[in-house]
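Chain naming follows the written order as A, B, C, D and E, and within any one chain the residues start at number 1.
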Amino acid sequence: MVTTHAFKGSAFLKEIIADTPGGERIVHCMQCGSCGGSCPNGADMQYTPRGVFALINANEREKVLTSNTMWCCVSCYFCTTRCPQQIPITEIMYALKRLAIAEGLARQTDAPALAKTFTDMVEWFGRSFELGLASRYYLFNKPLAMLKMGPLGLAMFTRGRMALLPTKIRQVGQLQAIIRKARELGGAS
Amino acid sequence: MSQAAKPKLAIYWAASCGGCEISILAINEKILDVAAAFDIVFWPCAADGKVHDVEKMADGSIDVCLFNGGIRTSEQEYMAQLMRRKSKVLVAFGSCASEGCIPGLGNMNTREEIFDEVYTKSPATENPQGIRPQQETNMPEGKLHLPMFYDTLKTLGQTVDVDYYLPGCPPEADNIWKAVTAIVSGQLPPKGATIGVNTTVCDECSRKRTEKKIKAFKRTWEILPDAETCLLEQGLLCCGIATRAGCGALCPQVNSPCIGCHGANEGVEDFGSRMMTGLASVIDSQDHEEIDRIIAQGIPDPIGTFYRFSLASSLMRRKKKPADSAPASH
Amino acid sequence: MAETATFEPKIVGFMCNWCSYRAADLAGSARIKHAPNVRIIRVMCSGRVDPTFVFKAFSLGADAVMMAGCHPGECHYIEQNYKAMRRYSMIEHSLKQLGVEPDRFRLVWASAAEGQQLAEAVDKFVEDVRKLGPLNWHANLAESDERLEALANIVKEHEEALEVLP
Amino acid sequence: MKYAYYPGCSLERNSAAYDVSVRQVADLLGIKLVELDDWNCCGATEFFSQDELVATSVIARNLALVDSQLNQLVAPCAACYLNLSKTDRLMAEHPHMNDKVNQCLAAGGLNYKPGSVRVRHILDVIYTDIGETAIRDKVVRPLTNLRIAPYYGCQVVRPDVAFDNPEYPMKMDELFQWVGAEVVDYPVKAHCCSGHMTQISEPQAYELIRRLLASAAEYKADMILCMCPMCQLNLDAYQAATNKYFGTNYKIPIIFFTQLLGVAFGLDTKKLGFGKEIVAAEPVLQSKLGANAAV
Amino acid sequence: MAEKVGIYVCHCGSNIAGMVDVEEVAKWAGANIPDVVVSRDYKFMCSSLGQQMIEDDIKKEGLTRVVVGACSPHLHEKTFRRACSNAGMNPYLCQMTNLREHVSWVAVDRSAATLKAKALVSASAERVKMQKPLEPMSVKVNPATLVIGGGIAGLQATLELADAGYHVYLVEREPSIGGHMAQFDKTFPTLDCSACILTPKMSEVGQHENVTMMTYAEVEEVSGSVGEFTVKIRKRARYVEYAPCTGCGICIEKCPQKVVDTVFEAGLGYRKAIYTPFPQAVPRVPVIDVDNCRWFKQQKCKVCQKLCPTNAINYDQQDEVVEIKVGNIIAATGWKMFESKGLPQYGYGRLANVFTSLEFERLCNSAGPTNGKIVLRDGKTEPKSVAIIHCVGSRDTNHNEYCSGICCMASLKFGHLVLEKTNAEVYSFYIDMRANQKGYEEFYQRLLAEGMNFVRGKVAEITDAARKPSEEGKLIIQCEDTLQGRQRRIPVDMVVLMGALEPQADAKETGLKLGISCSMAGWYTERHPKLDPVATMTDGVFVAGVCQGPKDIPASVAQGAAAAARVMGMITKGTVTIEPIVASVTEEECSGCKICNTMCPYNAIEFDAAKEVSHVITALCKGCGTCVAACPAGAITGAHFNNQQIFAEIEGILWDAKPQAEPVSA
């Protein structure tokens, strides 16, 4: 029989590692804070990424997944390129977003709604459709803000920067088959 | 020496091209000396004689048997056993008997694959009914048998006990004469030895050699080799470094790289691995990917290159057979 | 397959005296448990590993062969592991043509401090070989049982022929 | 020089100025762009927030569609560029992922071998493949007197450093020095434009936009050059809102770098998509480049 | 004649016996391995009783070969070889097999462990039968020593040896000895003046009768081995004759050509085209920098030659290559500073008032370009606030994974100097404060008390992009204060980057010449990381100072002294024994193909042009066996690791996998 040296770590840590390509680097975090310092939205985060990693190590799943940290992430990748331990921090933020959405814990943000609206459009048409996206997203999520957005939308429209109808790709069925298969297989790495 | 006391000589031809038989004749007028010195009791290629004549001889009654060719069929295996039993000294004559040679390259395929090629696929084949040799055929007179064709060609030494090996494809006249005179005079090397020189072809090659560093291996058609410099240093896959000397470096002399027909040096267990290690050692790179590239591009057929003559006698002996062609147990 | 469930690969590991053999020592002193399938032969340097050793091991029944040495650039003998690397590539290239699966021959770098890494590499290797099943090279050389029958037939037919001879 | 071309959804409509200027500049420089037939959206950051396999498979469909004769795919949009190159890298580095993605592609009758398509950004192609001499040769209307702030944003230069420094990129700076502009070396040129924050958290977004505008203004830049539709949209369309939020009064035109390159090459400004921006750029061109500005 | 093999399987208390059925292994070996005449198991084979048992068996049973299955040969091979030797057997006919580290300690299943133990015992038994008696070799030790590098570690080693009465050749690349320590102002944690403690040592070395000092010189080639190395050294032309020069300095004073000094002054100050790196340089003989000298560039000037009172200037001087013979070598080649431009987010080279730590050393140094005044790049403004950034290029897998070890303390030293010399606020941005030597933690406490501000967090970026009026005109340090868990922006006037210590750019190349290897990071590898941190894997070559890994001055001095002590041990002993594991060529089989000649990094394989064969120079051979594996003719043999031995070992190790012979006939 063979025994492989089992990796000791919190269940949540293992979950994150399993869900993020390159995520195993997370164990090397030395809490230096170059991620939190680099983040354009770091000042607004409940926990900086460094803090999140400490919580992950401590198996504080709920605390992490209900926090606003990953929703502050704008995917600028400064943290990732600067991390002295080459932790794919932005990718881990995506993993946290996925978990939070999947479990309905993303309470502090409208980002999941935006993401859902966006990806629905892509699934239907194969391309994104801004007017549809904006109207659906604002209608369902921020009906008041929609009024505010009116003038800007108009300005965009008059400059020919917003289409009234979506563009649909020819082989949308093929794309949908791929997406169906991906959902069926599920997960990543 | 009285006529009756002349030692008895047998020569047999198994799986080989026949070049070895010709090489015996290529010792020219000395063949007369051979005829004078020996009583040739069995030589199917040149003299009439039947297997059952040999079968009737007393065991050990033939003094020397020069056996060329590898063992590919049950008949050849039977003959190898027979000649072994009847001979005092059994010589694996030439590359086929010693190390398998070109017929041994058939070990890169199975019997089925070989039959497919020969009886079906080869462009020169005209066989619309798809006839294949059958091991057994029922005739009114009874069952007829063809010898069984083996999946794996064996060398003579892998089949029966061999006393001496004579290298070369075919052996050089000089070396044959040396062997013959040694046997006649009774000045024999230790049993199991290969009769020949104990160094490699480079020793006899007059090309200029320096320390070797190779960035790319070349095929012969890719360059016009310089006549003075070591061919290997020019990138050609010259097997002279690992091949037993004795041929006078014939091929390199005419700008053609040695292909290794003389087999490995004494005491070396696997010719191909000597070539591999020698060539790998002088690759001029420390980058794994680049090394892989140099090897893959320069040596597209490593087995054919390194084991052209010796696959059957190498440690691995053949290509792995597909799982479904594993020996059937009845 | 029931067979592979109990299959324990026999693997020969050629390890250099200074790094990988010491890494294996360290794995021991640190009690890092790992698969017992790699049987180690100590050589002074990975540069000593002759292709003959590898072919010999396969032909004698090894299911896989591991070559291990110091990391490139860290050889105790300065640069000999690069020569090992070149030979590895050459052997790998030839084994491929002989139909031996690439996962049966592996080059591993382990410094004397990398007991854990070596143990992991061993476990991974054993796992990969286990998936392939036994290599059993000598079975690959055996002819079918008909061989003895065919030989017997020749003997019999010759005997019969001799009988009818005058 | 022939490349497959992936415009991306933004360039289809809201950033059409980028698309038309890329095509014209490319054409002029002898870069033949063959639009990828029936491409689909790269999913921006949104698919990755939901399901990684769906995200990579959707992206990989595009890679799989690249004509085998062309092994380079040019994407002007930063997000598309990152997503396409990231997917290729993930598939190459993680065999398991490669397996799964290819299983998904197979459901659509496609397959993709990682490494077979090299994803390039249009800036890289212009800078590296065309080079200084050829570009200087094409200048008919040097941008003398025009102070420009090259703005790189994030996803072209990070995280996979392809052709420029991820912290302090310089390639666009150099490119515009070649065409005679006064290039402003301001410190925030690779900082974030706030991405999709304009949609989900305005105060956060406005702050990030302000930092960029403030720095460009401090260095007295006449305009900011973008190479990403999202950056252009955020800085341009939300400039007024940002001004309102902070009580500032920035009025900096935000255009795509290919538009201005086109100007230097003497192309027609209207055809280059000028006029589609919210903060008008043409008056600045007129005042700085004089009568030369418009054809 | 068949050998008589004895097998000895050790229990090692329960260390082996707890996981391996040792009785079964011994019984099985006795019954199944050919030629085994004795097979025993015993509690502690390495005990005197265990050894005695082996000795007795050799004498009584006439054993010709011994296999001991116990722990790693690296631990007890010598023990059992000695036991065999005591009983009159050649020690190289004893083989150890590793049943503890490689079997019992790593296994979890008793039957699998026992099976593996059998395979290893079988392998050793088959191998030992093929082993040949060997005699260890002995070499005389030349009492002279080469020390490479004239920094503090090399100086210490030089003085220890020279004071003990042995001759030392000291080679230094720069025009003066002294190394980096000569550039420093104060030393932590005691704050004594670096020059005050270093320069006496320098002049002692310079005047020592047992020291041959070669500055402005580099080791070009090393051959030979422990006891007798031959070293070629290139002494670069200084264009100033050594003997007549009195070091009066007139030439320097009158030289019209000023040059920015990027070496000693780290780019902050000037020197002349003819110069000594600093006033207390040893030797005081200047060098002419031909790249900047007006005579060499334009064939004009000659001021130095005209004014030299002793006619020491010689523009025609040439490089000189000298050859020396030494018994041992100490490498003390030091380090170089991390190139701070590699971290563009810190703005070095772009933001004027970002300094490197070496620049800052020179700023603080009273003999430096500002006479010790801490000022901004403009040369006059005193900073009101200074930030010191730790771990620049250290503890960063994008650059150097290791901790440079000294920067925490150097930062505290800098903090102290700023506080002492200016009214500035000082901030230290650290990841972890590492102060683990004598007096270091106390020094940290002192700086806490002096009011240095400590912020725990790796700095994300340094920018001049102000976000509010208070930041304007400043350098803003943006980081996460990880203790508070919030992002901070701290405006300062001056930034000091504590760059990593890195291996010399040519460390690998020098290592190759000396036959020593480098770690992944590029530091020289010591023989054992704990128990032999001074020797290397190459006998007769020792390491001292930072070239072996980052360390502070006390540790460099200690290691320099330790290396000298090891060398003295070798010299006193007079001869060294070396393992007879060497290669040899069977000349009759060699065809002179020249494959092997490039294989040896020690140049131990020589081609004999007359005989057209290669042969191995035994004294140079280290026994790696690479040439043995390479020889396509099979003409090279490696003692103790020859083909027959390893083939036998392979056969033995696969005893349970071997093929059965195919039947010959019906």
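Simple rule for what comes next: a contact is a pair of C-beta atoms (placed from the backbone, for glycine too) under 8 Å apart; a residue touches a chain by one contact, two chains touch by 3 or more.
Keep in mind it's a predicted model, so treat the numbers as computed, not measured.
Chain centres were defined as the mean of their Cα atoms; on that basis the chain farthest from subunit D turns out to be B. The chain with its CA mean position farthest from that of subunit A is B. With each centre defined as the average position of its C-alpha atoms, the distance from subunit C to subunit E rounds to 35 Å. Centre to centre, using the average C-alpha position, subunit A and subunit B are separated by 68 Å.
Averaged C-alpha coordinates give centres for subunit B and subunit C that are 27 Å from one another.
Mean C-alpha positions place subunit D and subunit E at a centre distance of 49 Å. Shown for subunit E are the residues that touch two or more other chains, namely 108-109, 112, 345, 461, 599, 626, 629-630, 643, 647, 665. Looking at subunit C, residues 32-34, 37, 50, 52, 56, 79, 83, 87, 119, 137, 141-143, 151, 155 sit in touch with two or more other chains.
Annotation for subunit B: residues touching 2 or more other chains are 269, 274, 277, 281. Listing the residues of subunit D that touch subunit E in their complex gives 165, 167-168, 186-188, 211, 214-215, 218.
Residues 50-52, 54-56, 58-59, 72, 79, 82-83, 85-87, 89-91, 93-94, 97-100, 137, 139-147, 150-151, 153-155, 157-158, 161-162, 165 of subunit C are the ones touching subunit B in the complex. Within the complex, the subunit E residues that touch subunit D are 343-345, 350, 461, 463-467. Looking at the complex, you find that subunit E touches subunit B at residues 588-599, 612, 626, 629-635, 643, 647, 664-665. Those residues of subunit E lying in contact with subunit C across their complex are 72-74, 98, 100-103, 105-109, 112-113, 115-116, 119-120, 123, 508, 511-512, 515, 517-520, 525, 529, 537, 581, 599, 601, 622-626, 628-630, 638, 641, 643, 646-647, 649-651, 653-654, 656-660, 662-663, 665-666.
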